[in-house]
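Notes follow once the structure below has been shown.
We call the chains A, B, C, D, E and F, going by the order they appear; numbering starts again at 1 in every chain.
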Amino acid sequence: MEIIMSILAGFLFTVGLYLILTKNLIRIIIGSSVLSHGAHLLLLTMAGLKTGAPPLLGLEADTYVDPLPQALILTAIVISFGVTSFILVLGYRTYKVTGAAETDQLRGTDTDE
Amino acid sequence: MTEIVDWIVALLALFGAAFSIISAVGLLRLPDIFTRSHAATKAATLGVLCVVLGAFLFFMVHTQTFSLRFVLTLVFVFVTAPVGGHLIARAAYNAGVPLAEGSSQDALSRSREENRHYNEEKNDNDQ
Amino acid sequence: MKYNDIILQTVTKFISFLIFLFAVYIFFNGHQEPGGGFIGGLMTSAVLVLLLLAFDMETVRRALPIDYKLMTAIGLVFAVGTGVGSFFFSVPFLSQTFGYFHFPVLGELELTTTLAFDLGVYLVVIGTAMTIIQTIGEDK
Amino acid sequence: MSNWLILPVLVPLIAGIVALFFPKHVTAQRTWAFITSLILIGVNIFLLTYILSNGIMTLELGGWEAPFGIVLVGDSLAVLLTTTTALVALPIIYFSFSTIGVEREKYYYYAFFQFLISGVSGAFLTGDIFNLFVCFEVLLLASYALIGHGGTKTQLKESFNYVIVNVVSSAFFVIGVAYLYAVTGTLNMAQLSERVGEAGSEPIITVIAILFLIVFGLKGALFPLYFWLPGSYSVPPTAIGAIFAALLTKVGIYSIFRTYSVIFNEDTAITHTILLVLSAVTMIIGVIGAIAYRDVKLILVYNVIVAVGFILFGVASLNSDAFVGAIYYLLHDIVIKAALFLIIGALITAAGTSKLSGMGGMIKHHPLLTWMFFIAALALAGVPPLGGFPGKLMLVVGGAEAGHYIVVAVMMVASLLVLYSVIRIFLQGFLGEPMLTHAEQHGSIKAQMPPIVFLVALSAFMGFGAEIMYPFVESAAETLVNPRAYVEAVLGGNS
Amino acid sequence: MILNAIYITAATLVTISILATLYRVFKGPSMPDRVIALDVIGIQLISLTALFCIILNTRAFIEVMLLLAILAFIGTVAFAKYIEKGVVIEHDRDS
Amino acid sequence: MFTILHLAIIAPFLAAVLVPLLYKFIPRIHTGWFVLIVPIILFSYFLSYLPEVSGTGSVMKTFEWIPSLGINYIAYVDGLGLLFALLITGIGALVVLYSIYYLDKHKEQLNNFYTYLLLFMGAMLGLTLSDNLIVLYTFWEITSISSFLLISYWYTKEKSRYGALKSLLITVMGGFALLVGFVLIASVTGTYSIRGILEASDQLADSPLFLPAMLLILLGAFTKSAQFPFHIWLPDAMEAPTPVSAYLHSATMVKAGIYLVARMTPLFAVSAYWFWLVTGFGLLTLIWGSLSAIRQTDLKGILAYSTVSQLGMILSMLGAGAAALHYDSIDNNAYTIAVAAAIFHLINHATYKGSLFMMVGIIDHETGTRDIRRLGGLMTLMPISFTIAVIGGFSMAGLPPFNGFLSKEMFFMSMVEITHFPQYSVDSIGILLPIVAWTASIFTFVYCMMLVFRTFTGKLQKEKLPTKPHEAPFGMLLSPLILVALVVFIGFFPNTLVPTIIEPAMASIMPELAQTGSFGVDIYFWHGFSLELFMTIGVVLLGTAIFLALQKWNKMHVIFPENRLFNQAYNRSLEGLDRSSHALMSWHMTGLVRDYFIYIFSFTVVLLLFSLFGTGAFTIDVENMVPVSPYEAILSLVLVGSSLILMFTRSRLKAVISLGALGYTVALFFVLFRAPDLALTQLTIETVSVTLFLLCFYHFPQIFDALKETKFHAVNFVISATVGLTVTLIGLSASGTRLFPAISDYFLENSYKEAGGNNVVNVILVDFRGFDTLLEILVLAIASLGVYSLIKLRLAGGENK
């Protein structure tokens, strides 16, 4: 399973980065979202996919899975939500103000004023 | 007792899975959006009903807990699935998605004419 | 022509109340079962989003006149406040404590300072999600 | 007592939160920001002196013992940096009063600013690698908000690139943490240090070290990861550009300092060679950039990159002299970059353009500004006895000690070209035929002078008063050379 | 043991149907088709989660099921409104 | 301790701070008068040191500045230092006096001028009176900078700025070399104190760093002293006001290099490289400078090249003097004469060159031009100036009875003497040395004659002069008159200088020899019909011939075409640097974020894969892995499928739908891996995000729907796939190398006991790692406020439509 998960994470990275490498703003934003999914899955995998109960002590199981990475991923998910929403708005503001839907239209800092 | 329930649960699970498959096949094979919507909502809800019921029984027997949340889930699915199906179908119709070729009549054709101007998002519909 | 979303709106009225209760439940139960401030907050925002979807910005605003930016700030105050308290008790920053109290009607209940912290999280999450959605929605 | 250690993070945090409640009262916002920055400086200086006499200070947040909870570690290096941060924040805030514009001030400018400071201080203090990530996100989000703040065309053009690059680097940060956790099973830097030490020269750790180098290099604008920097630092208003140039890359560099001295100190052959080569190339590419452009902002921005190379050269040299040099340089660079950005901001205000070709003879109407720039430029190039010198000297000493003569030579050439690049601004912008008569001046810069003078004086103090700073710098370098003390302070030496 | 095998088979079947539904998301041809497919995926996910609960013998995911039900609905509504009107949240419906 | 000596040294700096105030508040009095006090007081103060340092004495006062870095301000007055201190303050006083008349108080920005000048004076004093190398270096850089400021004093002139930049770049380059050289020395000897280093000189001599350190220090000295080929900055520095030239280029700035060479002689003179480099470059500069001087038409240009040339001469003498250090005692050590000659000439050069510069300044001031093609016949109009010019010029040419003659004789003598030196193969090729010296002297004679006669004799061309020429006011003539008086005085009574100044200075240069007795220097006009005398006569005869011939042809440029090789090299390299760096930058800084990512990812991948396989870190550990269930495999396919849709879709709505599907699948994976909280969060966030995407789509344009240019991009794919592969490989290796147990058991154990929570993940979030969460909600808050201000705050310069 670790192999599959690692490959999956790698695959999500591939897709995310491929999208980021395109010039289209929306695709880039979506790419960043995919990328963070990949990172989260990898973090989960790296913590070890131990068999055990979910870390709820109320279940009174013998073994539990590692709760720490879950907390970390939760933090990371929430952060990437914040970032994604910001970048989304940034993207459309950029489009509205500069008229650029592709990053190659965002070149040149000195054409202002 | 537990054994029997377990078998029932297994059976329910299989049924649910079968419904699920049916709905998926329906979704794949049926000719247009409206018929597909039918397959989706009907079959899937039934599938979910079976499986969740199974789980409900399973835990009732194994952990002696009666979890209201299973029921709540079912209620939710049953309340929302038709509304969702309705909304999409209406949206599809208003967005001008064509009916299957064999459809005999389009009951809402007049209202569709009136709604032309809402269809600016054509590009969303595949090329 | 206008669409009437009677079906949607009726269902929403019913459902959103249920979800909200569920969200509050999940929030309070977060220390023992899956849930907590984040999920509770997000679910509450989901309710609000549903309301916005079914009705419209103005209607919802009239029904719930909340400044979500302020809500975010208040949430932060809650979260930071539990930490600042530690200065007065000379325990490390953000130390949380809990105890079991007996209440007349409810019986034995656990009360923790983390609840205040989590409430902060809850408020911030709602505030954030709704500020974002509202500002985008309002943008012409 | 140890709770004091949270204050460098908490003070700006609370300041920012409180500022959220009255966004439209500009005067109140200003006063509040100013007062809290003053408090922040006081707190930091107190901590600094306290640490110097009592040794490394730790704060186990929430009262959870060290490897399990999050621990803040205040060693000299960290607190020196937070202090410098506070010292730079104050003048920049003051500078903002007159330059940033009331509109921006009404839209949470000071709150973002304070959150940025909070995140930066947190990144300096934290002793937990994941918490470092979170602190990074705080400062990044604040920087995203600031870089696009106001939403002018140029700003938006660059902010998107900036944000997306940092999003990618954050993703890499997360997977770096993931790998590290897989191999070592912990997040606490002190315990990481121990465990990596026990593991010996495990090759996978080297790979992870390099991944972290890339992640921090991206934040720190190391070659070849600096591409995002020039655009994004040159577009926002001066005050924002100043705080970015002063602090943001430094956080990345600090993280390299920290991780490479505390955690990845076992197998240095590969990592530090890479670091050495990269630092040299970074210097070169930075000066090339600084020379290539005729836009004052861009010239300065590329100088930010040069400094990155200089400082990392100290890390790559791996001896205590080099570390002393790197820390001196790092601290001074924070101050001088802020100063130069503010000066350039005032210059642009006065000249109405950022192009060198459009300005000249500023000395005629703005002699004080001229001399401030001149001194700052010399300090930047490391001309004694100004503030840049002790750092540069010790870097050379350390580099020579380590036998990296070629890089020392590169560094000297780079310094010369740095001087060339800024002196050109002086010659064309400040000297030369005045382009504008007094009546044509584009705006008064009187209100902008106090922070500039303060920062330049601070920079000069860092040169003349190098002796006063030395004990702090030395003990900071000590923790880098010998991370044992750090580990023991955190883990209590018993685990 | 055989029970477990049955559960796993059921789970596998449901996953296969998800995969099939995903094909509909991919294929379209119209946007509402995709949305319907997504809605179905949501519902199938509920089934799958319930099966996981059984397989893993844990009650931990009941909330997940409930949430899936809620969110699938919200998602569907949002998509439907978007397709129909181009705008998800109206500013003021009465004006 | 901070003593009066320290105070004296930095006094000019303190005065420099006062100057702007004086200028501002007492505008009626020429600021120069106030400034004049400083060098006069200092001069008399340093005179008081004469008795103390006579012989081998010295005074040392330590002020601890940055002791931790080994930087102490040690003021050290010995013969050499005092000589310079007196020159600096003495000539300084005269220059200030001169400038009071030269610079108009209404037209000039005197505050700037005197601030720079005082800065410079202080720097020179500090430089020559410091025992600590770093402090010396500090002052060294300040001289470069203040001379930069002085040269660019008339800042509106393009040429001033050009000259200033040139001198700054060249001298600072030398300065940096010097710094590294000092550091190298200190890394061997462990101290920055010159005293200490001299004591450890044996240690240094054996070190492999000896040669690099020496070369670096020489580079510093040569650039400062305008030695070939670094002399190019000096002629351009003539753009400075003439008092500045008189000061910097006669007595101070350029002599700093000489000072350094003299200072370092005891340390490095044991090396053959030192001998040949110093002597060789000195002579090369001497001849190059004198040849170049002839080509000049600008009076100051002539003086500039003459300075270059004379400096070369002094340096060559110092180089030759290195031979003396190969002997243990003064007896039978004929080479000490070279050192004596060097010091003597140093003083002489300061006197006559100072007066000549001032004379040129007067001419410039009174006639409005310095071009010798327009000048001529001023003798009758400006008799006093003419006298000054004659004395100064003849002294420079080496004619009796002036001091220049004496030192020139000694120069010849030492050059002849050095050919007898038995080492370094001087006996074979050394014969070149006197020949070069002699040839150069001929040209020196020629340009001196040009200077004097082309200006003052011949026909007066009034129509070519911008202003009507007349003699300068007395105040302006005073300083040069004092200097020429010195020229004459020293010429007649050279031996007054010997015990007071020359011998103590020699003792500093040759400290070990000085221990063995007196140098016994005796300078006199007539020492029989020696070789030197014939050399001088030859110089005069041939020089006169050439001068007259040149006079007749008047086309010296035909014989000596203007050679601007090194200037062009400098200009071209700066231009080239500018252009190529611009080209390089615009080539790779395309402004396109995709390109940047390509660079970044390529770099990342190369580095990571290299280290992964290079160090043998790659392992796969199949042992401890969790088995795969069929539905897990299929679920993975779902994930792959939905991301593939994302990758190739052309419709943004399709993209968002599949993004939603992807997110839901990820949530399901969280369920699979027993993370209920994660699954819940992921689901809600995914839904809210999808809503957000849909909301934002309203604001994106219609054309945006069909995502343009979606054709498969092979390069992008290869790069992203490699990154993905790397991530996978490292992931496999990392999960295959679990070295330690995770710390998480603690959380499981203590979650209920200590924190009262059963949901460990939640307890970690709000309690164990509550700080993370605190900052995390801060992130959220910033994001929302950021979004708010992005949308609501629209400043001018935004919004296209």
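Keep this in mind: a residue touches a chain if its C-beta (ideal position, glycine included) is under 8 Å from a C-beta of that chain, and two chains touch if they have at least 3 such contacts.
These numbers were taken from a predicted model, which means no experiment stands behind them.
Student: Quick check on this structure: which chain has its C-alpha centroid closest to the centroid of all protein C-alpha atoms?
Tutor: Taking the mean of all protein C-alpha atoms as reference, the closest chain is D.
Student: Which pair, C-E or C-F, has more C-beta contacts?
Tutor: Between the two chain pairs, C-F has more contacting C-beta pairs.
Student: Round to the nearest whole Å and give the separation of the Cα centres of subunit C and subunit D.
Tutor: 37
Student: In whole angstrom, how far does the Cα centroid of subunit D sit from the Cα centroid of subunit F?
Tutor: The answer is 26 Å.
Student: Suppose each chain is reduced to the average of its Cα coordinates; what separation in Å results between subunit B and subunit F?
Tutor: 78
Student: With chain centres taken as the means of their Cα atoms, state the distance from subunit B to subunit C in Å.
Tutor: So the centre of subunit B lies 30 Å away from the centre of subunit C.
Student: Where in subunit B do residues touch two or more of the other chains?
Tutor: If we look for residues of subunit B contacting two or more partner chains, we find 72, 76, 80, 83, 87, 120-121, 124, 126.
Student: Residues touching two or more other chains, restricted to subunit A: which are they?
Tutor: Residues 9, 13, 16-17, 20, 38, 40, 42, 45-48, 53-54, 56, 58, 68, 74-75, 78-79, 82-83, 85-86, 89-91, 93, 97-98, 103, 106-109, 112.
Student: Can you list the residues of subunit E that touch 2 or more other chains?
Tutor: If we look for residues of subunit E contacting two or more partner chains, we find 11, 14, 16, 18, 23, 28, 31, 35, 56, 58-61, 63-64, 66-67, 70-71, 73-74, 77-79, 81-86, 88-89.
Student: With touch defined as at the start, can you tell me which subunit E residues reach subunit C in the complex?
Tutor: For this pair, the touching residues of subunit E are 60-61, 63-64, 66-67, 70-71, 73-74, 77-78, 81, 84-85, 88-94.
Student: Can you check the complex and tell me which residues of subunit C touch subunit A?
Tutor: Touch residues, subunit C against subunit A: 32-34, 38, 125, 128, 132, 135-136.
Student: If we count contacts the way the header does, which residues on subunit B are in touch with subunit C in the complex?
Tutor: Residues in contact with subunit C: 72, 76, 79-80, 83, 86-87, 111, 114-115.
Student: In the complex, go through subunit D and note every residue touching subunit A.
Tutor: Touch residues, subunit D against subunit A: 130, 133-134, 137, 141, 144-145, 148, 151-154, 156-161, 163-164, 167-168, 170-172, 174-175, 177-179, 181-182, 187, 231, 234-235, 295.
Student: Help me check something: in the complex, which residues belonging to subunit C touch subunit D?
Tutor: Residues of subunit C touching subunit D: 69-70, 72-73, 76-77, 80, 83-84, 86-87, 90-96.
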